[in-house]
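Inspection log for the structure reproduced underneath, given as structure tokens.
Labels for the chains are A, B, C and D, by order of writing; each one numbers its residues from 1.
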Amino acid sequence: MINNIGKISRRALLASMTAAGLLLAGSGSAYAAEDITLGLVSPLSEPGDARSGDAIKKTADLWVKLINGAGGIGGRQVKLAVFDDQGKVEVGASAMERAITEANASAILGIWSSSVALAQMEVAKGYNVPLMAFYSWSDDITAKNYPQVFRIGPYNSQIAAQMVPFVKDRGYKKVVVLAEDTAYGLGFAKAFEEAVKAAPDVTVEVVQFQAQTQDLTAVMSKVAASKPDAVIVQTVFSATNLSIKQGREVGLKADIITGWDWPLLPDFWSTVGEAGVGVVYPTFSDPSLNITATGKTFVDAYKAAYGHEPAIFQYYLWDNFNAVKAAIEKSGSSEPAKLVETLPGVTFEGTIGPVFFRNEAGTVNFHQWDKFAMFFKKLNKVGDGEKEAELVQVAK
Amino acid sequence: MTQLFVQSLLLGLLQGGLYALLAVGLSLVFGILRVVNFAHGEFAMLGSFAAVFVVDMLGLPVWTGLIAAAVAGAAIAYATNILVLRPIYLSRMRQKGEYTIIATFLLSQFLIAAATLSFGTTYRKLPGLWDQNLAIFDYIYLSGNRIVAFVAAIAMIALLFFIVYRTDIGRAWRALTQNPLGAAVVGIDVNRYANLAFLASGAFAGLAAALLAPLMFVFPASGVIALVKAFIVVIIGGLGSIRGTLFAGLLLGVVEVMCTVYIDTGYTDAYGFALMIAVLLFRPQGLFGRTGRAV
Amino acid sequence: MTRIVLETQGLRKAFGGNQVIDGIDFRLAAGELVAIVGPNGAGKTSFLNLIAGQFRPNAGTIQLAGADVTQLAPNVPARRGLFRSFQNGGAFGRLSAIQNVALAGMVRGLGRREAESEAGKALARVGLSPVADWPADHLSGGQRKLIDFARLLLAKPEVALLDEPTAGVNPAIMEVMRAIIAEMRDKGVGFAVISHDLPWVFGLCQRVVVLASGRVLAAGSPDEVSADPAVREAYLA
Amino acid sequence: MTKLTHHLVPLLFVAAGLGLSLIGLRPVVADLLILSVYYLLLAGSWNLLAGFAGQYSFAHIGLATAGAYGTAALVIAGGLSGWATLVIMPLAVALLGGGLGLVALRVRGVQLPLITFAFAGAFAVFLAAASDITNGSMGLQLPKLVPGFDRSLYLVLGGILAGLFFIVQNWMIDGKLGLLMQAIRDNEDIAHGMGVGIFRVKIAAFMITAAIAGLAGSFYANYVGVLAPSMLSMGEMGYVVAMAVIGGLGYRYGPLIGVVIIRSIEYFVRGFGAEYTLVIITGIALLVVLFFREGVIAYVSRLMPRQTARWRS
């Protein structure tokens, strides 16, 4: 076994020397035509949310294809270095470091879960490389005010604040927040408890459950017995469907307001059936949204490539990529440090309107784009999709 | 609040019936071979995938899915016994019990990984035989599928009782459970009955998974949950005791639901573990297990 | 009268409804060798298990070298000078022969190095030096029984209980065993030996205890016992 | 292998750690090696417990996780330095392990894997659900021993810890305790009858191996700097078991071989995606279990028959 150790280290040594050699060769020969590498660190396998990871990867691939087809950025081709974070914080952090040190990524995109993002922020800070968040909702991501971290997408306290008027207008007095025991579930629950203080006559109870559960009947029985007016479900798709189905099974009569775009996933109706009727879901997407020319290009290309419409978070991701592109064009460099400097000042046409970052130091609105509207939609019959759903309220 | 209590009790019992069905096979196999099968949950998982295949892809009626699940579960269990376990328990190595645990544990990890690779991580759904929510006197709320599943589970366990206490196979099983050496001496073919026990074990696991599928989902890691529940049940009930398995299944169901409702919703799976640890500490052979060393 | 090193009084043990040992009074003096014989199922091995603490008696007392060891875990009598061999040899399969033997010295308080050097000598004494480094699993049945005897040399007990030491071993090994037993007896070790090999064991012992159905059927010198009609009947039945 | 070689191995690891830190490895290779030390400590100590003492505990990863979270607690809430935790946590986890040992004395045979499995499962549920304390899947961040991304110190530390492990292992296996443990593994009843104090030996085995697991966990926490409940999963336990079994359970260098094999495979197949990695690793482990029951070491040593006895323990 002594020999084996020797082999490993020798191999490691050789590998690192070869890598260094290649880099030198690369930088020496053709600097102008050097490719731009963007790191994509996403949950591509379990226990991560591999489904969303797949959608992220599709979006990224499409963007790279379109950009390169149009001649790249400033004549330089773009390539992706894809890494799997498995939904684990430590894997995400080390994957990001590899994207930076091995692949020389100019910026890191594609992060999904807030917990992974929070760990990656330390890496971004350490290496001074931009980290682009889009659908990771933890306030901390921008509230920590790391100069390297940017977000084009919503965050918990803002979402929660926009939820409060809706709760008031609908006349709910007693609300249960059903939250999975993850950053996603509990992060929102906390933010909502905070935000709802603005409406003193609404009582809120947070019911926490294990994210990987397969049986929510007991939890839903308890929720049903407390006879709330509304249940806000904050969990990912499988438990979303379970909570609706099993909630109705145990006689839950309250309105169910469920997580974001989960009801639009193809397995929603086939799993919840009749129980899904009457469910309200908040979303950032609505046909009334003003899709820009950039957005149309994206949607058309996406439909052509994959045969279905992209979800709203993919719009934000598209904007993330375009933000990096804008920064490279503006600074004329793909150096990460240059991008960190340039990004706060970029403006460009996003998919649903102009994008620019708010840069209010000391607040959550630092390197944060927040021009999104929240739509509350109701599913009135089995099989309703985005187009059929009834728009019951808009929060801007 | 009595409504919540009655509702929880009933839910717990219905759930417990399925736990018992998941666990009987594990208990049976342990009784006969002294093998703790960590891959039992994957028999269930692959069974439910077979049901999805038959019902969803081939478009056959729902009841054929149950049969497909039982057949698939039995086939995989049989293969596991022949390919993985028999070489070990026929060998002359020490600590066979522990070694079969390692082997089946690795097999289980392998099957999960392989299933993830072949089927993807998508959650699938199986239609049930009675897809309707019932409101009994506007007091008890249940889905029809839950009742179907419970009735089927109890019927299957009753069938197993009949086999064990009224047929020659059952008599041989009992002989092997009580005195493996004696049974071998009087000419009972251990291999044959071990195979039969594995067939039954896999069929029950597959069937239980297919009955659970309309209430929950089908996905590659679902076997882990099934395994954990089955373990807790057989350990509480006493390894090798079918009567104990039935009782412990119902007990686990009720304890889980009651604690979830009345203590804390966030720790559902922990209650089963706590129950199991308590039983093992105070009565290591399980509630219905015989005294003396099982292994 | 010589010193009594082992004494049981009214020893009883039942498994379920099955009375395996049904009131045995037994005494063993220093340097004495008592043969314990009896038909299969007479309770011979169970009797040794009770003395060694492997089973807890339901009733009765056990005195080892004057101290009461009734109801104590088996490692206690072992540390107080009780040695016990097992029917199938008590070897630990993955340990080498020398390690197997050294253990006996280590439980007596020797350090590992010291125990292993003594074990080497003991193995030489029983003729196992060539296989000292072999795992016990690779040894023959007879060699494994010799390991017990090498241990006996290291353990330096007050009392040695041997369970079928000669079953399935060749005459040369039996001779080694006999010599070791004789040597140990000279040092005052009391032996209780279960054996089916009556000529061999009768040639060694002063006294024979015949067990049947958990009771002492007869006791006395080999000649007396051989002549006892009750014994003949028990063996024939 | 002679005793001298056994004593040289720890030195070799310390030297390797120092040497590699001077060379300046790529972060990915350094990561691979440093986390391999974590796995070596775990697989190695599990091998001592299961392979040498015959106590098949499935709570080993749970103990490491306890060590990691304990480290985080001491650093974050207690304000201690990470270095202190490397000393404190092994001791604290040893006490936990002693508790498990008490449980182990209550049950025998296959019930031990089951009850330890239950302990680990309950602990995993707790880590995720008690997010007020553990921060749940949000992850618990703690400062690293060395701020920034310089791995050289960790390579040195990893080499030292691996060396330390082999010193402890040599002391155990070549000492009294190791022999007593193996006697209990091979036949508890006979060992007991020979005068071996089962209670003390089992508790000692559990405590020492738990201390090593606690050290592994503390090292992990201090290196990775962020903890999440996913650290404690049955998959991770399977990984550690697979390492020990592939190399050779009950062999001194079995876990080392297992760690080298599995980590190398992992390194070379990582491009295929996590599922493929898992299928390949569990598949290989399963094949070893079925066809080379005593692991790679036993298979190789059988090819050199004269060495057989020497290779064993």
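Convention: a residue touches a chain if its C-beta (ideal position, glycine included) is under 8 Å from a C-beta of that chain, and two chains touch if they have at least 3 such contacts.
The structure presented is a predicted model; accordingly, all values stated were derived computationally and were not measured.
Shared contact partners of chain A and chain C comprise D. Central chain assignment: D. Criterion: smallest distance from chain C-alpha mean to the mean of all protein C-alpha atoms. Comparing the CA-atom centres of all chains against that of chain B, the greatest distance is found for C.
More inter-chain C-beta contacts link the pair B-D than the other of B-D and C-D. Rounded to whole angstrom units, the spacing between the C-alpha centres of chain B and chain D is 32. Separation between the centroids of chain A and chain B, computed from CA atoms only, is 38 Å.
Centre to centre, using the average C-alpha position, chain A and chain D are separated by 36 Å. Listed for chain A are residues 45-46, 181, 208, 210, each touching two or more other chains. Of all residues in chain D, those that touch two or more other chains are 125, 129, 185-186, 275.
In chain B, the residues touching two or more other chains are 94, 116, 264, 266-267, 269. The touch graph of these protein chains has some other shape, matching none of line, ring, star or complete.
Across the assembly, chains come into contact as A-B, A-D, B-D, C-D. Here chain C touches chain D in the complex through residues 52-54, 73-75, 78-79, 84, 86, 90, 92-96, 99, 102-104, 106-108, 111-112, 133-135, 151, going by the rule given at the top.
By the touch criterion given at the top, residues 34, 36, 83-84, 87-88, 91, 93-95, 97-99, 101-103, 105-107, 109-110, 112-114, 116-117, 224, 228, 231-232, 235, 264, 266-267, 269-270, 273-274, 276-277, 280-281, 284, 293-295 of chain B touch chain D in their complex.
Contact residues on chain D toward chain C in their complex (touch as defined above): 174-176, 179-180, 182-183, 185-187, 189-198, 250, 308-310, 312-313. In the complex of the two chains, the chain A residues touching chain B come out as 45-46, 50-51, 181, 207-210, 212-215, 217-219, 221-222, 224-225, 237-238, 241-242, 246, 248-251, 267, 270-271, 273, 275.
Chain contact summary for the complex, chain A toward chain D: residues 1-2, 4-5, 8-9, 12-13, 15-16, 19, 44-47, 84, 86-90, 93-94, 97-98, 101-102, 114-116, 118-119, 122-123, 126-127, 138, 181-183, 186-187, 208, 210-211.
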